[in-house]
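Have a look at this one before I ask anything.
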C-alpha cells in the first residue's frame, strides 16, 4: 500500500480490519503510524496473505484510508497555517453519515481538536435555537437549568450585542459566527475582559482566511470543510505474487 | 393499572409501548403523568383492547413502570429531605445494565438531576485514575489537553490537600468523596474562595445523612442507591371483561 | 475487586467479559466462584492489564456483579430461612427488563430455583386469564387442548373452591395466591389428596413470613422481590500501579 | 395468487408482509384463510397496487407461502390417516434453519400439534444424552433435580427394559423410538398401567406406516419429514394490468 | 456424523460452526469434503469435545447439513442425467427464505451452476414484467437503457414469435418457458442463427424429462425443485463417551 | 431549506426521513425534486413542525443532502462536458463506506450511470487479479467458467497487446486504463472491429481531460472522484417561529 500524493495518513487501524475480518491469517505490516506526514511514493503498509482475501478487502480498506487520510491532510494544512497563534482548529458535526467517530479521529491525526461529538455531550445554542428560545440570555439560562451540571453551554453570536448578552449569561463558550475581522477582534477582547469563557470563530473559514482569523486571538476556529469537503488522498495497492 | 403503594410514577411513556408494539389497536389512557406523586389505590392508566394483547404485554409494562417508579420514588425522598438547601440530588453511573437512559429519566421525574451519562460526555477523574495519572494537578492538566474544549473536567478528592490541588488545576467540578461533615464544610469553603468550580459530595449518603450533608453548602450530592438499590414500586393490573 | 459487605457472589462470568471485550489481553483471576458466600473484605478477583482498559470496563463490570450478587444474596437469605422444610424458593417474571436470563442465573447461585422463563415455556393461568377464560376448569381445559403436550399448566387459585376446581382440571401445578396460613394448609392438603399436582405459594412472602409459609408443606414459594427489589451488594475495585 | 395443486394453505399472514414492507399502499385481499384446504385452480389472494412493488415482493411472498403450504399439506395427509385413533401428529426440531416458528405454525394449520420448540421449553433425553448421563433412571432424576418445576421431562426408550426404567423414573413423556408394532403395543400398555405418562412414537413413520402405529394406542406420533422433506406446494402469481 | 442414505454432502463448513460458536474447544474432523458422493454408512465427520457442547449444537448442525446435502443430492441426479449434452443445470430464486446463499452453494456442490442471486445482479424479464412493460422488444430496450452496462438482460419467451422479438432486442439470454420439445428445438435453432444469446429452458423439468430437454441443444436448464422440494438427506450423529 | 450555491439536488427522499423518524408529525414540503438544477438562493423544502424535532433532525438531514448533492453536482459537470459524444459517465466502487447505495443514486440524479455495485454483480478483472490469474486470456476464461452465466466479465487493459488478448477472450467489457489519447483511440478501434465488447476509459479523468477522452469514441468513462472527492453542496436551514 503506497501513498500516491503528499499528505497525512489516518485510518490504518480500521482499514486493516477490512482484511482481518475476511481472513484472519492475512498479515498487516504498517510502515507508518496514523498521523504520519508522507510524500508521494511512501510505502504505507505491506499486506501478506492469500490473493483472494487481499483482493476482496482491498477496496473497503482503501476507501476508508483514503477518505480519512484526506480529512487528516486538509486538517494539517489548516493547523500549519495557524501555527504559533494559540488558536486550535476544531471540527463540526458536518460529518459523513455513519463515519463521524472515524472522521473525528482523523481530525486529531491531522493535529486538530474535536468539538462536541453529538447533541448529547455539550449544549450548542445556534441561531435557530435562539429564535425558538427567546434571545441569548433567556436561552442560555433555560439550558443551564435543564442540562446536567457536567455539561458546558456554548452560544452562537452574530453581533456584539449578542456577545454582551452571552457574557452576562455566563455561557462557557461563545461562538462568534461570520464576523468580519475587526468585529471579531472586538468580540474576543470583550469576552476576555468579561470572564473566563472560551471564544470560537466560525463561518468564512478557508485556507486563505484562517491565519488572520487566528491572529484575532480567538481560542478555537471550527471548519466544516474538514469533514464535508476534504478530497480523498490518493493511495493504491500494488500486488506481487509471493 | 393501579398503584398499590405510595410513590412517584415514572415510565408510563415507555411502559405503554409494551402494549402498542404487540397490538397497535390497544388504547392506553393515562390518568396521571410521569412525575406524579400518587397514593396506594390511585388509578394510573386504563388499557383497552383484546385480552390476548393486554395479557401478553402486561408483565413487560409492569416490570418497566415498577422499576422506574421505584427509582423516582426513592429520588423524591432524597430531594424532599434537602429542600431549601440549594443542593441538587444527582445520580451516578451505577445503573442497571441496559436501562441507564430510562433510569436517568426516572431520576428527573423524582425531582433529581442527572450527572454525566457515560464516559463520553464529561471527564470524571477518580482515585483509580489519579493513581494511574500521577496526582490531581498532573491528571487534570493532561485531561484538559486531551479532551475537547467542550467537556467539563471533574476530579475526586479525598483530602483537603487534594482539594487545594484541584482548585489550582482549575477543574470545573470538585467531587468531595467520603469526607466527614466538618472536612466537607472546610472543603466547600475553600472551593468557593478559590474560584468558580462546583462542589459535589459522595459517599455515605443515605436518608439519615443527606440533610446534614446538604447543609454544608455543597452544590451537588450524588447517590448511587437511587439506581442500584431502589425497591420497585408495587403496581398491578386488574382485568375487566368488556 | 473486593466485597465491601457480606453476601453471595454472582455474575463473575459475565462481569469479566466487560474487560475482555474492551481489551482481550486483560487477565481476570477470580478468587471465588459464582455462588460463594463472602464476608466484607473478601477479595473477589484480581484484574491485570492496562489502566485504560480496566478503567473503561470497571463500571459495567461492577454494575453487573453488584446487581446479580444483590439478587443472589437476598435469595440465599430466603433459602436459609426455609432450610429443612422441603420447600423450594423460586423466582417470578418480575425481572429487570433485559436482564432476565442473568437474574435467573443469580437466583440459582443463591440456592433458589427458577420458575418458567417466559410466556413460552409453561402455561401460567392467573386471575386476569381466568376472568377472560371463564373459570378454572374451562380455562385449564382450553389451555390443555391448545398447548403442546410438552408444556405444564399451572393455575392460580385464591380460594379453596378454585383449588377444588384446579384439582379436578388436572392442572400440573396449583398456585395458591395470597392465602392466610390456615387456608394455605388446607389447600396443600387437598391437593396432596387429590392427585400429583405441585403446590406453589405466592403473595405476602417476605423474610418474616416465609418460614411459616414453608411449614404448611407447600412445594414452592415464589418471591418477586428477589428480582425487583434486591439492593445491590457493595463491591469495589481498588487500583494498584504495576 | 392461485393454487396450482391440491393442498392446505399456510403462511398468508407472513407472505403478505413481503408486499406491505415494500410498499404499504399495496392492498392484499385474501380469498381463503391459513388452514384452508384448496384444489388446483383456487384463487388464494388478490394483490392490488403498483407493478413495481408487486414484482419486487412476488418471489419472497411465494417462497414463503409455497414452503409453508407444502408443510401444512403433508401434515394434513398424516393427520387424515390417523383420524379416529386419538393419536396426535406432532413435529420435531428437524426444521429449516431460520424458519422454525413459521414451520411450527404451518404444522398447526395442517391439523398437527407442536412438540417442544427448542432446548428451552421441555427436556427431551435422547440416546446420546443417556450415553452421557448413565442410563434412563439416573438421567431422568438428574434432569428433574436441575430443571425448573415447570418443565416436563421426556425420555427416549429403544427397548422395553428402558420403558420400565422410564416408568419408574416418573418421566412425564416416554418416547418409543424405532420399535416394531408389537413391541410398541406392549410398551404403550406398560406405560398406561404404570402411571400417567404420555407415550410418543418416532422412527420409521411414513404415509404407509402411520395408521398402524396410531392403532397401537400411542398418544403422539412425531414426524421429522413434515418439516425437513415436505415438497413446496405449487402456487403462482398472475399479473393483470389495472 | 454418519450418512444414513446415499447422496452428495454439502454444508459441512457451515454446519461445523454450530459447534464452534457454542464451544470453541470442540474439534471438528471432517472425513469428506463438501461435494463428496457418499453411500449410506459413510462417516462424514468426527466431533470431539464436551458432551454438553456437542448435544447443544447437534440439531442445528444436522438441520443445516441434511437440508443442504438434500439439495446437492437432487442437483447431482439432474446433472448426471444431462451428462455429455453440454447443458448446464442451474437454480432459480425459488429458495428457502434466509438460506439462499447456502442453497446456491449446495447447488454448486452437486455439480450445478448458479443463476442470478437476486433482483440486483441480472435483469430477468418474465411474463408479469412483459405485461407491465409492453412486449418483449419495448421491455428489453427500456431495461437496457435503465440498467448499468455491467448487467445482462434475460427475457422469458413462451412462443416462437416472442423468441424472434427477443433476438431482435439483442437480449443476452433467452428463457424458453414451458415449450414442448419440438418448439424448444426450433427456438434454440433460431437463437443460434440470430446471434450470440444464451438459451435457457424452464418449466416441466423433472428427472424424467430433463434428458430430452438437454438434447435440444439448450445451454441452460433451470429447476426450481432443486431448492424448494429437495428432501433432506438422512444424516445422524452417534455419541461415544471418551 | 435553501441552496446557498449552484448545483444539483440529491437526497431529499432520504434526508426528509431524518425528521419523520424523530417525529412523524413533522411535515416535509419539497419545492424541487432530486435531480433538479438549482441556483444559490433557491428554496429546496419547507419543514413544518415542532422546534424540538426539527432542530434534532436538522444536522443529519443536511449532512446527507449536502453530501449527495455535492456528488450529483460534480457528476452533472462531467456529464455536461461530454454532451453529444455518446460516452456515458459512470461511477466506481471508490465510495464512502456505508453510503454506496445513496451515492450511486446521486450519480444517477446528476445524469451519470452506475457501474457495478459490488463484487457480486459483475466480474471486473484488474491488474492485481491478472497478476494472480496468469494474464488476460487465462483469467477471463477461468472467470467465465466459474461465474454464473448471468454475469458480465470486464477486464482491465493497460496496453494494446492486452486489448488484443481481451478481444480474443470475448470479455464483455474492456477497461482501457491510463492510456494516452492516441493509444485509447487505437484501442477503441480494435475493440469495435473485433466484436461486440463495450469499451470503458479510466485513469487521469478530470474536468479538463474528459471531453477529449470522450471524443475517442469510448462507450464509458469511469470517474472515482465523483464519489471520493466531491465537495459538499452548501445548503442551510433557516428557522421561523410559527
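Letters A, B, C, D, E and F name the chains as they come in the text, with residue numbers starting at 1 for each one.
To be clear about the criterion, contacts are C-beta pairs under 8 Å (C-beta built on N, C-alpha and C of every residue); 3 or more make two chains touch, one makes a residue touch a chain.
What you see is a predicted model; the values in this text were computed from it and never measured.
**Q** Among all the other chains, which ones are in touch with both subunit B and subunit D?
**A** C
**Q** Chains shared as neighbours by subunit B and subunit C?
**A** Neighbours common to subunit B and subunit C are absent.
**Q** Select, from C-D and A-F, the pair of chains that is joined by more C-beta pairs in contact.
**A** When the contacts at C-D and A-F are counted, A-F has more.
**Q** Using Cα averages as centroids, what's the distance between subunit A and subunit E in whole Å?
**A** Each chain's C-alpha centroid was found; their separation is 50 Å.
**Q** Distance between subunit A and subunit F based on Cα centroids, please, to the nearest Å.
**A** 27
**Q** Could you put a whole-Å number on the gap between the CA centroids of subunit C and subunit F?
**A** Whole-Å distance between the two chain centres: 59.
**Q** Which subunit B residues reach two or more other chains?
**A** none
**Q** Which of line, ring, star, complete and other names the graph you get from chains that touch?
**A** Here the contact pattern is a ring, one closed loop where every chain has two partners.
**Q** Since the chains close into one ring, what order do they take if you set off from subunit D toward subunit E?
**A** From subunit D, continuing first to subunit E, the chains appear as D, E, F, A, B, C.
**Q** Can you tell me which positions in subunit C touch subunit B when the two form their complex?
**A** 51, 54-56, 58-60, 62-64, 66-67, 70, 93-99, 119, 127-129, 131-132, 225, 228-229, 231-232, 237-241
**Q** Which bits of subunit A are touching subunit B when the two form their complex?
**A** 88, 90, 113-117, 120-122, 148-152, 154, 173, 196, 198, 200, 219-220
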